[in-house]
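Alright, structures below, take your time with them.
Two complexes, one shared chain (chain A), two partners (chain B, chain C).
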Partner chain A sequence: MQTIDTRGLSCPQPVLMVHPHLDADEALDVLVDSEASRENVSRAAAKRGWTVTPCECDGHVRLELRKNGVR
Partner chain B sequence: MRIKNPFSTTAGIILAGALIGVAAILLQQLGNPANMGICVACFERDIAGGLGLHRAAIVQYLRPEIAGLVLGACLMALLSGEFKPRGGSSPLVRFLLGMIAAIGALVFLGCPWRAVLRLAGGDGNALFGMAGLIVGIGIGTLFFKRGYTLGRSSAQNPVSGWILPALMLGLLGLSLVFPQIQGQQQSGPVFYSTSGPGSMHAPFLASLVIAMLIGAVAQRSRFCTMGAFRDLILFRYSHLFLGLLSMLLAALIANLFVGGFHPGFAGQPVAHTDGLWNFLGMTTAGLAFALAGGCPGRQLFMAGEGDSDAAIFVLGMLVGAATAHNLGTASSGAGIGVYGAQATLIGLAICLVIGFMYSRKSA
Partner chain C sequence: MQTPPPGMALVQTVDVLSPLGNNPTLFGRTAAANALSDVYAMGGIPWSAMNIVSYPASTLPLDVLVEILNGGNEALAQAGAVLAGGHTLEDEQIKYGLSVTGIVDPARIASNSGLVPGDVLILTKPLGTGVLATAIKAGWPGAEETERELYRWTTRLNANAGQVLRDMGLRAATDVTGFGLGGHALEMARGSAVSVELDSTALPFMDNVEDFAGDGLIPAGTYANRRHCACHTTVLDGVDELRSTLAFDAQTSGGLLLAVPAARSEEALERLRTLGEPGWIVGRVHPLRSPAEQLIIA
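What follows is the complex of A and B.
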């Protein structure tokens, strides 16, 4: 499973980094550190049928992107 | 636990856009210039004049709206736990982009918000500005596809996040301590206009409160006129675009109600009819907004959240606006400034160089 670190980057970079992975089915973790990035990445993923589970860590959020029950 | 942000929804962004559109027309009714209910570039230019950074007599006023937008966003960010002092992502480049953005916008005579308001008021010249804005942002998306980035920001000392909100409080303080003296161009160290757009303004408190409300809602909804077109072009995402569309429709409807819709090209308020430079001015500004990651309004809201990179952009716009009037690059109702064309093209060239240099994969 891949982890994409978007911390410290502002829009559109986080979505731009995640975008190419949304056509695949492989599970993906995305680290975000702003609410705007969190919303943007979640919105983009949900639009493509991904389930997004946020997981709050210290100072940032790990968004777990899963599709069709793939772990 | 965490409550979902209602303004991050489609309904939320539409509401935010509609609020800005209606509030702008309300501010015009209360005394702000026509088709300029709220314009970030124009109002920062007026603030530059109020501080004497330029001495164009007709555009001098410490517009409380700018402070309101920053402080409204700041308060909302504090309440929602989103106030996060951050910075360090190519600050000097952002300052330069801010200067170029203001210079380009003042060739067209307005930021994207005013382009929307001018359209809503029937000003056909704004079509050229809007087209330029879209082209400029479109060029920006090409750089994003090449890997353009100004680099990561990092957490900063809290003081850095408070500097711009504190400066805004300072501006409000100056206005209160040195209010305009009827018919006078100066009150203590502060300059005022006795004629022209700078002399037309809503009451201080109304301007401040309405702008704070906009700032608060826009902070939560991430309303951004540059992002509206960027996301549409880059990802085919219409989320932010719906906000912009909503602002346009709300302002248009409000204008129809108050008799503020006057379709045409000639004789529009604070506008000129030079289509080419309306287009190119906004192309330059649009590219600068795209490379800096936000329209002038969004930069104010991010600055309110403690983002000192956005704050640097805001200060760049303030200096750019002053420069535009000092060097004769700003337009007026009569047409573009003496050096408006040169400034637009030099600004565009600098943006292209920044775009290329910061999109190298190795950078």
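What follows is the complex of A and C.
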């Protein structure tokens, strides 16, 4: 499983970093530190069939992108 | 230079933009249309304008600056306003805007605090410049078409909508810009001590805006607008989340939001149509509800 760190970046950079991975068959964690990044990455992932679970930790949020049949 | 007609008052406004899209001339037109818009929203007619420019003359060819200013001049000419001068400063960033002076009948000024329960709200441009500009910045597929759609609306003057406002003697209006439709509607509601209800299903969007927004191309400013308004906003159950967020999309050179007594709403739409101007009924005005319900998204 990969982790993509988008902290410190402003939109649309986080979405651009995550987007190429959304059609791959590998679960993904994305670290975000702003409301815009969190919502935009979540929207993009949900649109491509991923379930997004946000976990808050140490001042940032880890978005866990999971999908049935994908490890 | 002509003297303003006797009995008219002056209104003044200033607005400066960072570059939008990649076409200098159309950016210039956009900045001028954006600055002129305030005058139209007050029921005024643009009279004169001054350019305000910052430009990195040591690193960029002056042709680009000339194109930006030409675009601004085109919009001013279309508005019938005279360019009286301006000021340019050397800076690392390009910025262009104008201070516009308009004339207005002091007995017929429209304000953003004149909403009355029973008014219907008519919006004269679709929403989505924030999302489209983000898609262009991201290099999203279809950039050329996206830029065309963006400029199609941002370069458009609000002159016709302003004429309808003046001809009908409307008392409340605003132009939709950085705070988004939701932010400007809430500003009007608070200024008028009423509640405003926006119909999310009636909101018009520019081409591809909902698709791009679903791809996560919503600018940070849009989320900031939504957060800034949150404690006075109630989103009703069942409202589409994406549409209610896009109600706050930060607009550049957006349309006018006209408040029209309900009985005259068809007349207003007909007058807009006659002038070739679109118009959408996007909301209505209610007596003041609770502070958390000054803006209701239904």
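As a convention for this text, the second predicted complex is superposed on the first by the 69 of 71 C-alpha atoms of A that agree within 3 Å, B and C clash if a C-alpha of one lies under 4 Å from a C-alpha of the other, contacts with A are read in each partner's own complex, and residues count from 1 in each chain.
As a convention for this text, contacts are C-beta pairs under 8 Å (C-beta built on N, C-alpha and C of every residue); 3 or more make two chains touch, one makes a residue touch a chain.
Only a predicted model underlies this, so the values are computations on that prediction, with no experimental measurement involved.
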Contacts of A:26 with chain B and chain C, given as first, second, both or neither: neither
Winner by number of chain A residues touched, once chain B and chain C are compared: B
Touching partner for A:41 - first (chain B), second (chain C), both, neither: second
Common ground on chain A, meaning residues reached by chain C in one complex and by chain B in the other: 10-12, 15-16, 19, 34-36, 39-40, 43-44, 47
Chain B-touching residues of chain A, taken from the complex the two chains share: 7-13, 15-16, 19, 34-36, 39-40, 43-44, 47, 56, 59
Interfacial residue positions of chain B with respect to chain A in the complex: 2, 5, 8, 80, 82, 84, 86, 89, 144, 149, 152-155, 222, 227, 230-231, 234-235, 237, 239, 293-294
Parts of chain A lying in touch with chain C, wherever the complex brings them together: 10-12, 15-16, 19, 34-36, 39-44, 47
Parts of chain C lying in touch with chain A, wherever the complex brings them together: 134-135, 137-138, 213-220, 222-223, 227, 242, 245
